[in-house]
Amino acid sequence: MLRYLIRRLGQALLVVAGVVMLTFVVMRLVPGDPAVAFAGPKATPEQLAAARERFGLDDPLWVQLWNYVRDLVTGDWGTSLHTRQPVRDDLLLAFPASLELVGAALLLAIVAGIPVGVLAARYKTKFPDFGVRVASMLAVSVPVFWLALALQTVFASNLGWFPVAGEYDSSLDTTSPLTLWTNITVVDALITGNWPILTSTLRHLVLPTLVVAAYPTGVIAQMTRAMLIEEAGQDHARLERALGFGETSILTRFALRPALGPVLSLIALVFAYSIVNGFLVEAVFNWPGLGRYAASAISSLDTPAIAGVTLLVALVYVLANLVVDLLQGLIDPRVRPQ
Amino acid sequence: MIEVRDLQVRYGTRVVARVPELDVGAGECVAIVGESGSGKSTTLLSLLGLTEGADVSGHVSVCGVEVLQASPQQLRRIRGARVALVLQSPQAALSPTTRLGTLMRRALELHGITGPRGGGPETGGPETGGSAGSRKERSWKGRASKGGLERVMVEAVEAVMLDPEILRRYPHEISGGQAQRFAIALAIALGAEVILADEPTSALDVTVQAEVVGVLHGLREERGLALLIVSHDLALVSTIADRVLVMKDGEVVESGPAADVLTRPSHPYTRELLEALP
Amino acid sequence: MTSLRAERVTLGYGRTAVVHDVTLDLTEGGVGLIGESGSGKTTLARAFLGLLTPMSGNIWYGTQDLKKVDMRKFRGDVQPVFQAEALDPRMRVGSSVAEALPRADRHRVPDLLEQVGLTPDLATRRPHQLSGGQRQRVVIARALAVRPRLLILDEPTSALDVTVQAKILDLLAGLDTERLLITHNLAIVARLCRTSHVLFAGRVVESGGTADLLARPAHPYTLALREAVPKLGGEPPAARGRAEARPAGTGCPFRLRCPLAVPECERAPALREVAGRRVACHRAEDVLNA
Amino acid sequence: GGQVRGADRSPQPSSTGETAATQTQPATATANDDTFVYAPNLDVVTDWDPATSYSNENIAMSNIYEGLTRYNSATRKPEPRLATEWTSAAEGKEWTFKLRQGVKFHTGAALDAEAAKKAIERTIKENSGAAYIWGAVDTIEAPDASTLKFTLKYATPLDVVAASGYAAYIYDTEAVDQVKDGKADAGTGPYTIDSWQKGKETELTLKAYEDYWGGWKPEQYKKVAFRVTPEITTAWQLLKQGEVNFVQRLNPQLFEQASDTEGVQVSRTPSFQNLLVLFNTAGGATKDVRVRQALQLAIDYDGLLAALKGAGVKASGLVPEGLVGHTANLEAEQDLAKAQELLASAGYGGDNEELKLTLTYAQGDEDQKLLVTLLTAALQKLNVTLQAKPMAWNAQWDQGKAKGQDIFVMYWYPDYPDAYSWFFNVFRSNDKPELNLSYLKNAEIDAAIDELPKLTATDLFAAETSYDELQKKILQEQAAVAVPYVQTYQRALSADVQGYVDNPAYPNVVFFHDLKRAS
Amino acid sequence: MTPPGTPPGTPPGTPPEASLSEAGPSEAPLRRTLPKITDRFAATGAVLIVVVAAAALLAPWLAPYPEDAVDPVNALLAPGAEHWFGTDQAGRDVLTRVLYGGRTSLFIAVSVLAVSAAVGVTLGLVAGYAGGWVRDVIMRVTDVFLAFPALLLSLMLAMVLQPSVTTVIVAIAVTWWPWYARLSASVAASVATRPYVDAARCLGVPAPVIIVRHVLPNSITPVLVQISLDAGGVILTAAALSYLGLGAQEPTAEWGLMVDQGQTLFTTNWWVVTFPGLAILVTAFAFNVLGEGLRNALDPRRVVR
C-alpha cells in the first residue's frame, strides 16, 4: 500500500509537471502580448518595452521556461497583469472562498444525491423514480445563472428569507472580527467560536450552495440509481433475498458499495470542475472566489494569473483523483493494487 | 414444515417445474434428484418466492406461511431466520464487496441473533482448536469472547471445517469448496428450522463432505431440522434422505421412501440413473 | 507432443503462498488432481493456463518457459473448463460458444451443444436463464469448440446428474485430447486419468498410477478419501467435530487429522518413492500395509 | 498563526469630538445613515500609487486625492480645486497656478507649492499610466509657497490637463512610499482609507478626513464602502433592498424598471466615450474610399439606437457633447441605396463577386455585438459578408497593429477632458501603427492635429473651427471611421441621496463630499 | 390459493417477488428482437428526440420569419400574436432562432458526445483492462487533460483558428473525453477481473475483442449515465467558447449562445433566454431518456428470450 502510494504520488508529480509545461507552451502560443495587458490600453512604446523587460519576454523561450519553473518551485507564481498582486496571494484569497462554496455544495450533493438515488432505484419505474429522474435532469441541464437569478429573485429579493449576495454581513467585521487561520470563513468561525459570523456566513451560503449543488446532486443521484439497479440485478442479490434482507437494505448494504465506485470518480471530477467553473454563481452572489478570478483573468488575457489558476486546479484535480483512486481500492476489493 | 400441492412454475409459456405433492416434516430429510435442468433448483427457489420473472401457481406453505399469497414482509420474516437456503453456485451468490464475516454478521443481526441459543449446534465445540491458529484467527476468536455473535459465527464456520480466518476474506479470495461450505455455515449460524440446500457438497472432497453432511444430520436429530436437499450423488442421498423425489423434464417422475426408490426403482429414468452410477 | 510441466512452483495471491513447491507433469493418458477443498487445485490450474505467475519455480510448455510462449498458439492448444461458470451475463450462451470458433465454423454451435446434451434452442438464452448444470455444459461445449490438445478441467461434471455425467465422460474419453482433471469424484479419476496426484494443503502428498493409487493408498489422506466415499444404502455420516483438524502449519500438514500420526510427523516429510509411486509420508509403508 | 480581519479598523475615537456619536458607528457594507455604499462591477483597487494609478481605482482615488483643477462638463471649463486661480502666458507656454491656502495632507503635512511641484515631478518621473499628460511640461518652479509655475515645451491647455482623472493628483511625496498596501494614503481629499481587503466583497471602505479644507456638514456621508458586485441584476436587487446606494451601470431594461421604482432615483448622462468603427485605409478592399463610405452608410444608426434603448445617444462627429471641439450637424444616417451605388462603383455588391470583410470587436461587449449583428444583416443585402470575431483587447490590438483586419471596432475616451486625444492618438499618422488603427496617413491632417493644443490654449474659437474642419475631413472626405453612438451612463441611486451630478469627465466617479442625505 | 386440479396454464396469482421484476415475458416475434419499451418514460424520450430533430431539420419551413431578419425598432417585444416567443435585442424573432438554433446546437451536442465517448471510453477500457503500467500511463495522460483547463485550450484554439463549428467541437471534445475515460476505467478494472473475462482470454480471444465484447457492455453503465446527462452541458459550453470567439458567431442562431446573451435580460425580458433554455432542457431530457433506454436494452435480465 505504501509503495503504491509513493508510486502514485510520483506519478501525480509528473502530471503536474506535464500541466505546467503545457500551460507554459500554450501561454506562449496565445497571441496577445502580455506586456500590453500589463501596460494598459494606451501604453507608450517605452512603457511596453519596460513591461516586456519586467516579464522577461525578450529572453529565449527556454530561458523563460527555466525561469518560470524555478520561480514556481521557489513559490513565486508571478504577478497578475490585472490585479498587479502576486498571483499566489490572489489565489490564496480566492481559493478558500471557492473551497467553502464548492465544499458545502458537494456535501449537500452527496448527502442528498445518494439517498435520492437509492430511493429511485428502490421504486424503479414507479412514481418516486420518475420524480427523481425528472428533477435530477432539470438540476443538471438548467443554465446555472438562470437558477441563480431565479433563487435570488424569489428567496432573497421577494421573500427576503436569505441575503441577496455576499459572504457574510460585513458589519460583523467590526463587531466581532474574525481571526483567520485557514481563510475559509466557516471553518475559521467555527474553530474560533465566532457565532455571529458563522451564522451569518451560513445564511449567506444557502442560496449559492443550492445553485452549485444542483449539478452534482443530479448526476450523483442518477449515477447512484443506475449503478444500484445494475448491482441489484447481480446474482448475489438472490442470496441476500434468501437471507431475508429487504429490497432497501439489499440496495443500501450490499449494492451501494460497489455502486459507489463510479460515484466517487464523479465526485472528484465535479469537485475540481466546480472550483473554477462556478464563476457565474460567484458573480451573481458576489462570492469572491476562484471562478471569478479565473474568468476575469481569461477575458483580460492575464497570462500569469491564468497560469496560476491552471496550476492550482491541476493540483486539485491530481489530489482529488489520487484520493479517489485510493478509496476505489478500498471500495472494490477486486481492483486493489497488488 | 413444508407443504407443497400442485406447484407449477412457468417461465413464459414453458412449464419448468411441476410438483404435485411435497411434504417435509420436522426432523425429516427429503432429497430431490434428477436430470440437470429438470427444475430442481426452480422448485427450491419457489418455496421462498425467489423465482424472479416466473409465474408460480399452486399451494406452498412453509413454516406456516402461505408463500404464494404472502406479503413481502411475511416472506422476509421466514427467509433466513426460519428457512435457510443454500444456493447452487455459492461463489456467484456472494456479494463481491462484502467480507464473508460481514455478510454473516449482518444476516445474524437482521434476525436478532446476538449469541448462541440454547440447544444450538454442539458441533465444533468452543475454542478447542487454538493450537494451529494463525494470528488472524485469534483475532476473530478474541472478538468472540467479547460478543456472543462472533462466537456463533466462528462455531458455524468451524463446523464445516473452515478456518475462521475466512471470515475476513472477500468472496473472490476463497475456493469453490470454501464458498460452498460458507453457504452451509450461514444456514447453520442462522439456526433455521428448515434448510433448503441446492447441491451443497458438490465441490467438496469426500472427507469434508462427510463432515458437513454429518453436521446437518446431527442437527436433524438434535433440533428437528427439516432438510430438503438437491443432489446428484445418489449414494449420498441414500445415506441421509428419508424420502426421494426424482425429477425429469420438469415433472416428478417418481417419489417415495429413499430405500424403496433407490433400491427398487419403478420409473425407467430412475433405473437409468442408478445404472449410470460409476 | 504438447506437454506442460510445473517445476517446483510456488503459487499464491498477494504475498501468501497457497501452493508450495509443486512439481507436476501433465503426461499422456490424463492426469488427475484430487485433494481437499481449498488445497490449491484451482490455483495450480490457473497457473498452468498462464493466468497466474508463479512466485517461484517455472512452468514449462514443451521446452519453453510459459512466460515466453506465444500465447496465441498456446490458447489454441490448451483450454480450461472452470469451476465457476465463466459466462458473460450479457451474452447469449450461443454467442459465448461461438466466440471460441472461427467465423466460418459458427455453424458448429448447435452440434457442440448437442454433444454436451443440450438442446440447441438454448443457444438464444442468457446465462441466468439456464440451470446450473446447463451452464456448466455450455462451458464444456465452449472449451471443446477450440479442439484443444490439452484440456484443463476443474470439476467439470460435479453439477451434472449421473446420466449426463456419464455421457460427458464418454465424450471426453473419446477425444484425442490430453487432460488435467480436477475432481472430487474418485470414480471419474479412475476412469479418465492414468496418473493422479493428491494435493493436501498446497502440497502434493501422493502421486502415481491412478488405479494403483486408489486401490492401495500410501498416504493416510488418500486412504481417508477412499474410505469416506458414500455407499448406496450406507449409514449416514457422523460429524466428528474436527474443526481443529485443519492443515497443520508446520511439519506434515495432515498430521492433526492423521490416525497414524507419530511425533516424527512434526518434521515435514519429503516426497519419496514408495512402491512405484511418490508419497510424502513418514509412515507410507504402514499405510500400504494397513 | 492567525491574523485578525477587521480588527485594524475598529472604531477610533474621534479627534474632533464633533461627530462622536456617528463615529462609533461601525463601518458596514450595508447602506445606513452615514455610510454610502457604492456597487462597482469590478475589483476596485489595483494600484494605490497616485502617480501610476490608471484603472478602476479612480472611483476611490478621486475622493482621496485632488488635482489642481476639476473639469465642469456643463461649462466646458476647468474649475478651481487645489488651485484657486491660474493664468497662462507666452502663447500658452507658461502657466501660473495660485494654490489654495490651509490645505493639509492626510499625513498632516501642509500643502505648499514645493509639495505640489514634487508630486508632479515624481509622477512625470515614474512615467507610467497616464503620466504622458504632462508631456508638454519642461520645468516646474515654486517661486513662493502658494505659486506654482510651469514652463512648457509647446503650448497646451494645462488647466485642462491638470483636471485629468489620472496622473494629476497632488500628493505628499514624503509619504507616498507607504501607500502601496492600501493602509494609508497621501492625499488631500475629503476621504481617507478606512480599510482595504483585496479580493473581498466589501473591498474598500473610506472614512471622512476631518480636517478637510472643504469642511464637513452633518448631512454629508462620513463613510463610503465599495461593495464589488459584478452582476448588474444583483446590484439592482441590492439597491432595491437598500443595501447599496449607488449602482454605476444598469442595462436599459433594469434602468427602465428603476425609473419607476419607489425609493430609487436614476441618472442618465451622455458620456465622453464613443464607439469608433475604424476602416483600414491602408489595405484590402477598404483601401478604396468608396467602400469605406458605403460601409459608413450601411450602419443602421437609428436602428442601433433604438435597440440600445437609451444606452447610447446619437453621435455627431468624433467629439462628444460637453467637450471643446464638439460639432453639431455631423450626424450620420443609414442609406443603403447610396451605399449600394458606391459599392457598385468600386466593383462590389449586387451581382459582383461577394465582398468578404473581417471585423474585430471586444469580446463580452453586448452593445458592440448588437452593432455587429445589425451591420452583418445590412451588409448581407449588399452582398458583403462580414466575418466578425470577438477578441480580448490585447489580442485585438496586437492584430490591429499588424493591420490584420478590415474593420476595427473600439471605444475611445479621453484621459483628460480634451478632444485632442481622439485626433492625436487615433488619426495622426504613425510609421508603426499604435492606436491609429485606421492607418490614416495624411500630412494635411497631421499638421492640423499638431496645431490643436496651441489653439486650445490660446484661442478657443480658432480651436473649435479647426476641430470642425478636421472632423469633416476624417469622417466625410477620408471616411476613415464611423461613429455609431456615444455611450450614455445609466445609473441608479437610492432616493435619499441628494446632489448627485454625473460628471462624464470622471467616468463612474461619485464625488461623495458633494452629496447630502435627505433628512 | 389455487384449488388443486387447476389445469396448467391458468393465470396464477403473481407471487410478490415476481412483481419486482418485469411483467411476464411475451413470445411475440417482434418483441424478441426489439428491447421492450416498458418504460413510458423511454417512449416519451424517443418521441421528444424525433420532435426536436425534426424541428431543427424543418426550420426553414417551420420558421415564421427569415433566419437573419433584424428589426431593431421592434427589439425585445414580449411574446404575442406576431412573435410567439417574442423578439430579441436586435428585434429578431425568437421562435425562428430557436428553430434554426437546433441545427447547430444538436450537431455540436451529438458530435461532441460521440467523439468524446469514443475516445474516452476506448482509453478508459484499455486502461482498466490492461492494468499495470498501461493503465498508469493512460490515466496520467487523462489526468493532464483533466487538469488542463478547458478554457485555456479553447483560448489558444480561438486565437489561432477561424471561428467554426468544427473547432468548437474539437475544443470541447478535447476536454470532455477525460471524464468518460475516468468513469469507464474504474469499472473496467473491476470487470477485467471477472471469470468470464479470464475465460475469454483462455479461449484466445484477442484483447481488443474481449474489450469490446465483454468489458464494454459490462462497464458502460456509468458512462452512459454521464453521457445521457451531458447534452445540455455541451450546448452551454459551446456558448462559453463562442464568447471567446471560437464557435458559432453572431448572427448564427445557437441555443447556448442565445441563452448566454439573454443572461442579463433574464429578470426583465424573460423570453429571450427562456425559450432557447427550454429547448436545451427538452433536448437534454430526450438524451437522458434515450440513455436510460439504452441501459435497459443492455440489461440482460430485462431482455426476454
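Think of it as A, B, C, D and E in the order they're written, each chain with its own count starting at 1.
Convention: a residue touches a chain if its C-beta (ideal position, glycine included) is under 8 Å from a C-beta of that chain, and two chains touch if they have at least 3 such contacts.
If you're wondering where the values come from, they're calculated on a predicted model, not measured in any experiment.
Graph distance from chain A to chain E, where chains that touch are one step apart, equals 1. When each chain is reduced to the mean of its CA atoms, the one lying nearest the mean of all protein CA atoms is A.
Among the other chains, the CA centroid farthest from that of chain B is the one of D. Contact tally for C-E versus A-D: the pair with more C-beta pairs in contact is A-D. Averaging C-alpha coordinates per chain places the centre of chain A 37 Å away from that of chain D. The mean-CA centres of chain B and chain D are about 88 angstrom from one another, to the nearest whole unit. If you average the Cα atoms of chain A and of chain B, the two centres end up 51 Å apart. Note on chain placement: the centre of chain D and the centre of chain E lie 48 Å apart, centres being C-alpha means. Annotation for chain B: residues touching 2 or more other chains are 11, 50, 52, 72, 89, 92, 172-173. Touching of two or more other chains is recorded for residues 30-32, 149, 153, 235, 241, 247, 258, 301, 332, 334 of chain A. Of all residues in chain D, those touching 2 or more other chains are 233, 363-364, 395, listed in ascending order. Only residues 30-34, 36-37, 40-42, 44-47, 82-85, 89-90, 93-94, 149, 152-153, 156-157, 164-167, 169-175, 177-181, 188, 192, 283-288, 292-293, 296, 299-301 of chain A touch chain D when the two sit together in their complex.
The touching residues of chain E, when paired with chain D in their complex, are 68-70, 72-73, 75-76, 89-91, 159, 162-163, 243-245, 249-251, 261, 264-269.
Contact residues of chain B toward chain C in the complex are 11, 33-37, 40-42, 88-89, 91-92, 123-125, 128-129, 131-132, 134, 158-159, 161, 163, 173-178, 180-181, 198-199, 202-211, 213-215, 217-218, 232-236, 238-240, 259, 262-263, 272-273, 276-278. If you check the complex, the residues on chain D that touch chain A are 2-7, 9-11, 26-30, 42-43, 46-47, 54-55, 127-130, 132, 198-202, 225, 227-231, 233-234, 237-238, 240-241, 243, 363-364, 392-395, 397-399, 415, 425, 432, 434-435. The part of chain B that touches chain A in the complex is made up of residues 45, 48, 50, 52, 72, 76-81, 84-85, 87, 89-90, 92-98, 106-107, 110-111, 170, 172-173, 183, 186, 190.
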